[in-house]
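What follows is a pair of complexes built around subunit A, which joins subunit B in one and subunit C in the other.
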Partner chain A sequence: MSWNSLNKHWEELSFPSFTAGATEEEQQAQSKKALKKQQKEAEKAAKKAEKQAKMASEQQSAEEDDFAKDRYGVSAMVQSQQKLDRELVRVQDLTPEKADQLIWLRARVHTSRAKGKQCFLVLRQQQFNVQALVAVGDRASKQMVKFAANITKESIVDVEAIVRKVEQKIESCSQQDVELHVERIFVISQAEPRLPLQLEDAVRPDGEGEEEGRATVNQDTRLDNRVIDLRTTTSQAVFRLQSGVCQLFRDTLTKKGFVEIQTPKIISAASEGGANVFTVSYFKTSAFLAQSPQLYKQMCICADFDKVFCVGPVFRAEDSNTHRHLTEFVGLDIEMAFNYHYHEVIDSITDTMVQIFKGLRDNFQTEIQTVNKQFPSEPFKFLEPTLRLEYTEAVAMLREAGVEMGDEDDLSTPNEKLLGRLVKEKYDTDFYVLDKYPLAVRPFYTMPDPSNPKYSNSYDMFMRGEEILSGAQRVHDAQLLTERAIHHQIDLEKIKAYIDSFRYGAPPHGGGGIGLERVCMLYLGLHNVRQTSMFPRDPKRLTP
Partner chain B sequence: MPMYQVKPICGGDIKIDLPTCMYKVPNIHAQQGKSCTPEHALQNGELDPAVKALEARQDEIMRKLYELKAAVEGLAKTVMTPDADLDLTVSSSLSSQSSTTFKSTTDLDTVLGKDLGALRDIVINANPVQPPLTLLVLHSLLCQRYRVLSTVHVHSSVASVPPQLLSCLGPRHADSYARHMFQLGFTLIWKDVPKPQMKFSIKNMCPIEGEANIARFLFKLLAPYPIDPAVATLVDSWVDTAFFQLAEGSVKERSAVLRALNSTLGSNPWLSGPEFSLADIACYCCVLQSGSASSSPANVQRWIKSCENLGHFSHAKLLLK
Partner chain C sequence: MSWNSLNKHWEELSFPSFTAGATEEEQQAQSKKALKKQQKEAEKAAKKAEKQAKMASEQQSAEEDDFAKDRYGVSAMVQSQQKLDRELVRVQDLTPEKADQLIWLRARVHTSRAKGKQCFLVLRQQQFNVQALVAVGDRASKQMVKFAANITKESIVDVEAIVRKVEQKIESCSQQDVELHVERIFVISQAEPRLPLQLEDAVRPDGEGEEEGRATVNQDTRLDNRVIDLRTTTSQAVFRLQSGVCQLFRDTLTKKGFVEIQTPKIISAASEGGANVFTVSYFKTSAFLAQSPQLYKQMCICADFDKVFCVGPVFRAEDSNTHRHLTEFVGLDIEMAFNYHYHEVIDSITDTMVQIFKGLRDNFQTEIQTVNKQFPSEPFKFLEPTLRLEYTEAVAMLREAGVEMGDEDDLSTPNEKLLGRLVKEKYDTDFYVLDKYPLAVRPFYTMPDPSNPKYSNSYDMFMRGEEILSGAQRVHDAQLLTERAIHHQIDLEKIKAYIDSFRYGAPPHGGGGIGLERVCMLYLGLHNVRQTSMFPRDPKRLTP
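Let's turn to the complex of A and B:
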């Protein structure tokens, strides 16, 4: 009040001198202005007083009771006490159309940041996240904001909130056009305050961390804390894509008339040679873990299933610690009878692969982009129908590039990579088939080439210059099979059962098997097969 | 038996004063070569051996020149007739006995480089929006000449391709399962590229870009370029005109080219003179592509007819429909 009167006084003082030469109208206008000003000042003072009063009352209420007490808290452990008919909205469905609706949501607290009387939370559901705001107001008290700010990262919360459109896009979230104004918040499951690894660190692109002096997470830490690592957007995308590969593999082959079969994983004899098998105790004797379902696939063909495939674990006791070897992986195996030429088999397999690539390209673009953000790579390129080169052509290409090798030498890993680069340069494809391998470098059950005994009816398939499938027309004649086995100095007694399965009439057939993890790794251009194996097994890792 | 020595009876060098009234004869006892002086030779009408040697050398040079001339003539003959063998060493005896396949292989060697014992695959990337008609025509010509393995692929950068483009290289060869049985590979990849691109040897050759340039390369596998530089230039300029003005040019440019074609074809059966050449292939395809075939002047119409009578263009024409 005193301020107001002072102001008035000043105006009275200045007024006469100003109006000395002014007309009446002007005088009126001036007085109007003054009146307005006066009013404003009055309002200001009133507000100030209100504020002070409010602060005082708030302080009081903080000490005494909290009006929003039942709008937040740690809820009792869900033991299925009650069955609520509450509808929970998915984060990915939070779009501007939902604006101004009151919704319930269950999500993880990705990050939280308190700032004075408000707290910003980022709520995450798988690869999607949204910004939420808890601000002191008539719905939320100061204590509620404080509580929200103190929820540990990775805790699971139930939130009731109003969806609001935002003026400026929220760049850091997947739902960029809306945010949530929280009305209630309950913690369903609390995470320990110290996390073994931070999710932001785990998704940081290679190299970037080093430049800015930020932390990155190394592979072993990730694998030791796989549960948390799998929550990252990158891991989510990788394994969604992997599921897609399996699904597309099954769908495509089923459409082609293949039958899915299950084969035993505990077997009595080593299927290939005998090296690299895991021995397990089997009651009073020992047994082996299957290295490949090949024998069983072939028996199914002899049993008139015509075309079969199976998806299952395959075990290799190879003590090699490379980026692409695992001791247990998922094998996608195909075997089919053909009519006249084993290229019918190649066509079937390559077409299946092309359908998988196309399906991934068309339906998994967001996942591919997500992985690319952390691990940039060129998009996977392929041709339809798939390019098929013969081994002699590959040798000629390598020789032209300066590699010295014999006609019947096997491809070494560096030569494989080099060949991949040469083929990519000429044909611009990341996927191709190399046909007609020298007989000498293939297993005994490979059918020799009819026109040239040096070569065989066998093929390898490559993705980004790395071998993913090795297959062949199999010898389906017991007589020839025995000869080939003797030539390879294999003990006939050990493979008697195998040879016997061809004695009662066997259709000509061929096939091959691919490793799911390797296909995912190479499709995404990743550099370690452990990134695409959920719980990888290698010579140095059995847990988790 | 050793004999005793006696001193010479007269002195070693006795100087005899000969009278000047008599003519001299050469000493018949002395060795001929030594005493043979130019004056004597001339007097006797004999030839100086130095001149003889010179003459022999000249003969030798002339003989070599004739041989060289013959060789060059042989070479010219082989170059000008496309089916002849290029092997120099047998050019004189000409290769009437060598088989046609052998001849073609040597031709391939000269253009594509040494045979490495595997299929020589020419890869052509083309955009399905603009099918390279010229190259398809050249492909069918190559098929008549060599055992060509033709394959069509679709690159992942292209979503889908109309079925007629997938079968544009004709039906699948019955032996296509054995790539090594072919002399030449022709791999067409429908891909999202701004202009057609050809790749052959990654190490020794850079990619060739543009339909006109690829056409020139492929045509060399069929026939050598005209030896007369004037004709060669003429062919080249027609090819450029076809692609720059007929295919990509404005309406004005197009009609100008049609007029030029008309006047040239008034005096010649084909664009580069009496022989059918790459110029005709390129111009025909571009006229067809620009859709001005029906509205073209009389000589051009007549020439289009005769092109079609050759039968190389049926595949290309199907694609435009």
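Let's turn to the complex of A and C:
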């Protein structure tokens, strides 16, 4: 594999079906403008190909007298031409135990620095990296060092190298005790020379950048170039931790006897009165995107699944441009039948949250530390059993702190945050349950408090003073549910199937929905939910 | 708790906020017609309540001389009035070891049969049931037996009873060695007397019903009344097995080092040319529902996540009314970087499928047997390693069987099924991979075969002759991808973000998407994908 291979590659790609010609019929179908554009693109691609082929051929003749010419180059695109029997070592496994072994490795060029007859590369795989040296000698020619020095950052290379122990720790790399002495290097995928953002800028703590006059990367640039932003150690850590949250959530509930269900996202009627719902064209009619799987979870309870959970997208057509709202997020949803009191449900959910917090603390410490380097925060604190406050107590605490509010007023976002601080001061926990919300501020299917008609059997859960879960005992009696729907002026025709679900025997039940992105954001002490959504959707962002 | 409690219940529910009055402003907002309807509903509800209260009060006076009057009745709705310290035993735990113990139990009335001074109930919890006897004696009066006999089927009851060993096995129940001698019985949730379908009809094998002139339940009746249909032993088994498929899929991949990702479902551009895609109103613009998470999975590979999977809804606006098409289904998606050959990907996926098949065979035998009782089928067969055929071999097999088709023709559904039978005869497997599809029948991002431009590095996987997965090596080179898109006449502007993902170094990679409902249907030998979708969506069905 060398520049020769590159030529061969271009030959392979020029077979007829790859040209941009279109049949007459197809041409007629396109608008003239579109066609012109397509042709232009095709010409551009052809020109580029020609240029690269020419460069490769020039390079080739210059290399005629290079003793190392077969030891480097740009490989033909991996198109599954052959099954190579070659083991590739992982960067994280490069330790002194591998010293003096000749190994193959595939990694990205993180940085490169030429220095006389040597070129130092840092090779990266996810959050791990290692130093590699290409030096003129037996194995490498000066042309090979030059070639290595010219490989663009973020390109992917295959390297054959000897692992060598180093005397002084390499502080800048995750593998500090060894470096690689490169004997062969081939480019597997070439990155364009200009990156839209620099990885080192993208992991720089906010303050540091400003103080030292160095660049940081703003949120929109990150999100516009998410494929590169996700390569940073911080992003890798965030989304590996997020994967962990889902796994801990499901494993805990499966152990408790919950069954996973799949609920439809396209629904015929807006579940909660029609506000904030996205409309979908559905063949000759229209439909909506589910704002929550709740009605379906409840049907499953009425269908004897007893305890269910689901993990899936939730859609809110709210024009809220805040740090914590998304138009599409991932809901971790729970619903369960209980025997006599909905606190059985609260206990199940809080225990699940505690198992998640413990699992993260015990198994994701590396990820937490990595994120903390860029975004410092206090470790997340929680109590066992979880603190449960009643709404009236919270109102009293806020009033004591100078807030004016009525008994049945909902909590504003600033008041939620203030309450979080007051609770932290008093109880030393970042996680708690607020129980017994005023009936007036909750949805129609919320069970009223039997002892005080102004309140309800409902609750929210908070992390670092922000809501992550909303839940309640649900009304499981068709007649009371009808009355509550009428009181909320909901069109009964539209929720007929829902109400009918409770006519054939329904156990008392309750549940709640957790926002995955919020849990990750607040656990890590981050400040924007877009940092914990891979491809966030908000009123202004639909791409990538 | 007795009829007294019922009265109390109605009193509680009549506090002011529960009436259907609306303020003047709210009334103006409603249309007159809607208002009238609401009022009518409210009147109806009030009348019904009055009638029930009257009945309860009459009953009450009749019970004055009933020595057992506190031992039965309709309980007040469970509204979390109290935290009862009462353990409820599970039906499946009712074994001879519990003989002569006094226990409490909550279950549904599956059937009831009065016989002189006795009433036999079958009490059900999911797939388990037990016989219960209410007989006139020390503990039960004749009024109590009458009450028990009148409890509507599917109502939920709390029962206090002594567990008794029986001399002759009760063949009709899952708990064959014991029965319950009931001492107290309270209705927790009353089912309406007329059920839209009978559970015993809903589990009757198709042929049996016709032969003996007994009813079976057609698909639409089932789906219209899904909450009841899901209570059958067959449905309980199907969806517990489905939950198992998801868990086995994730656990296997997690062990292999895959990371779970969450991909957006609302997207700005139709990914594959714009056909068969649902349109969503998105604030002042419009968007689409993702037909697959594939583009996002690939971006994650370009973002160094190396191996990823996701489980989530997939939307297809196809007007196909067949046994195997849904407009919304659950995709189990895989994408991974590979080293030199896409068969590394095929091997990962087939091993994952084999682990799922083994897990189902070993841990879900009860569920499989339960479904087989209603829908008999041959056990699912698979080979290790998985059989892999090339497309040209398949075409040859079909031609030998008399099918006329060109080398590059796609497989029709009947030919897929025929091929499945031929493969089963020749290789004795229900699962195999068909590799190297003609390039012309695959999407633009499919990697061409390096040795034959008419074919591609792509594959489908089949269970019992039906496709469950489609996958390929993807084009990871921005330039080749551009050429392929132009060839397919795709507007480059619309897929710019996608193509740009490959400009900054992209590893060779491949993957595939599995349809969850199809896997469950075909593993169990069922014949309609609506049987394995809890709330199926097709061009004609959007409810419940």
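Everything below uses one rule, namely that the second predicted complex is superposed on the first by the 480 of 544 C-alpha atoms of A that agree within 3 Å, B and C clash if a C-alpha of one lies under 4 Å from a C-alpha of the other, contacts with A are read in each partner's own complex, and residues count from 1 in each chain.
As a convention for this text, a residue touches a chain if its C-beta (ideal position, glycine included) is under 8 Å from a C-beta of that chain, and two chains touch if they have at least 3 such contacts.
Given the structure is predicted, the values throughout are model-derived calculations rather than measurements.
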item: Partners on subunit A (subunit B, subunit C) - clash or fit; value: fit
item: Dominant toucher of subunit A (residue count), subunit B or subunit C; value: C
item: First (subunit B), second (subunit C), both or neither touched by A:His343; value: both
item: Partner chain(s) touched by A:Arg361 [first = subunit B, second = subunit C, both, neither]; value: first
item: Partner chain in contact with A:His527 - subunit B first, subunit C second, else both or neither; value: neither
item: Partner chain in contact with A:Lys417 - subunit B first, subunit C second, else both or neither; value: neither
item: Subunit B versus subunit C as contact partner of A:Cys246, first or second or both or neither; value: second
item: First (subunit B), second (subunit C), both or neither touched by A:Lys98; value: neither
item: Partner chain(s) touched by A:Glu400 [first = subunit B, second = subunit C, both, neither]; value: first
item: Per-pair minimum CA distance [subunit C against subunit B, superposed on A] in Å; value: 7
item: Intersection of subunit A interface sets (partners subunit B, subunit C); value: 341, 343, 451
item: Complex contacts: residues of subunit A adjacent to subunit B; value: 341, 343, 357-358, 361, 379-385, 387-390, 392-393, 395-397, 399-402, 422, 425-429, 435, 451
item: Residues on subunit B engaged by subunit A in the complex (per definition of touch); value: 116-119, 121, 123, 125, 151, 153-157, 177-180, 187, 189, 191, 199, 201-204
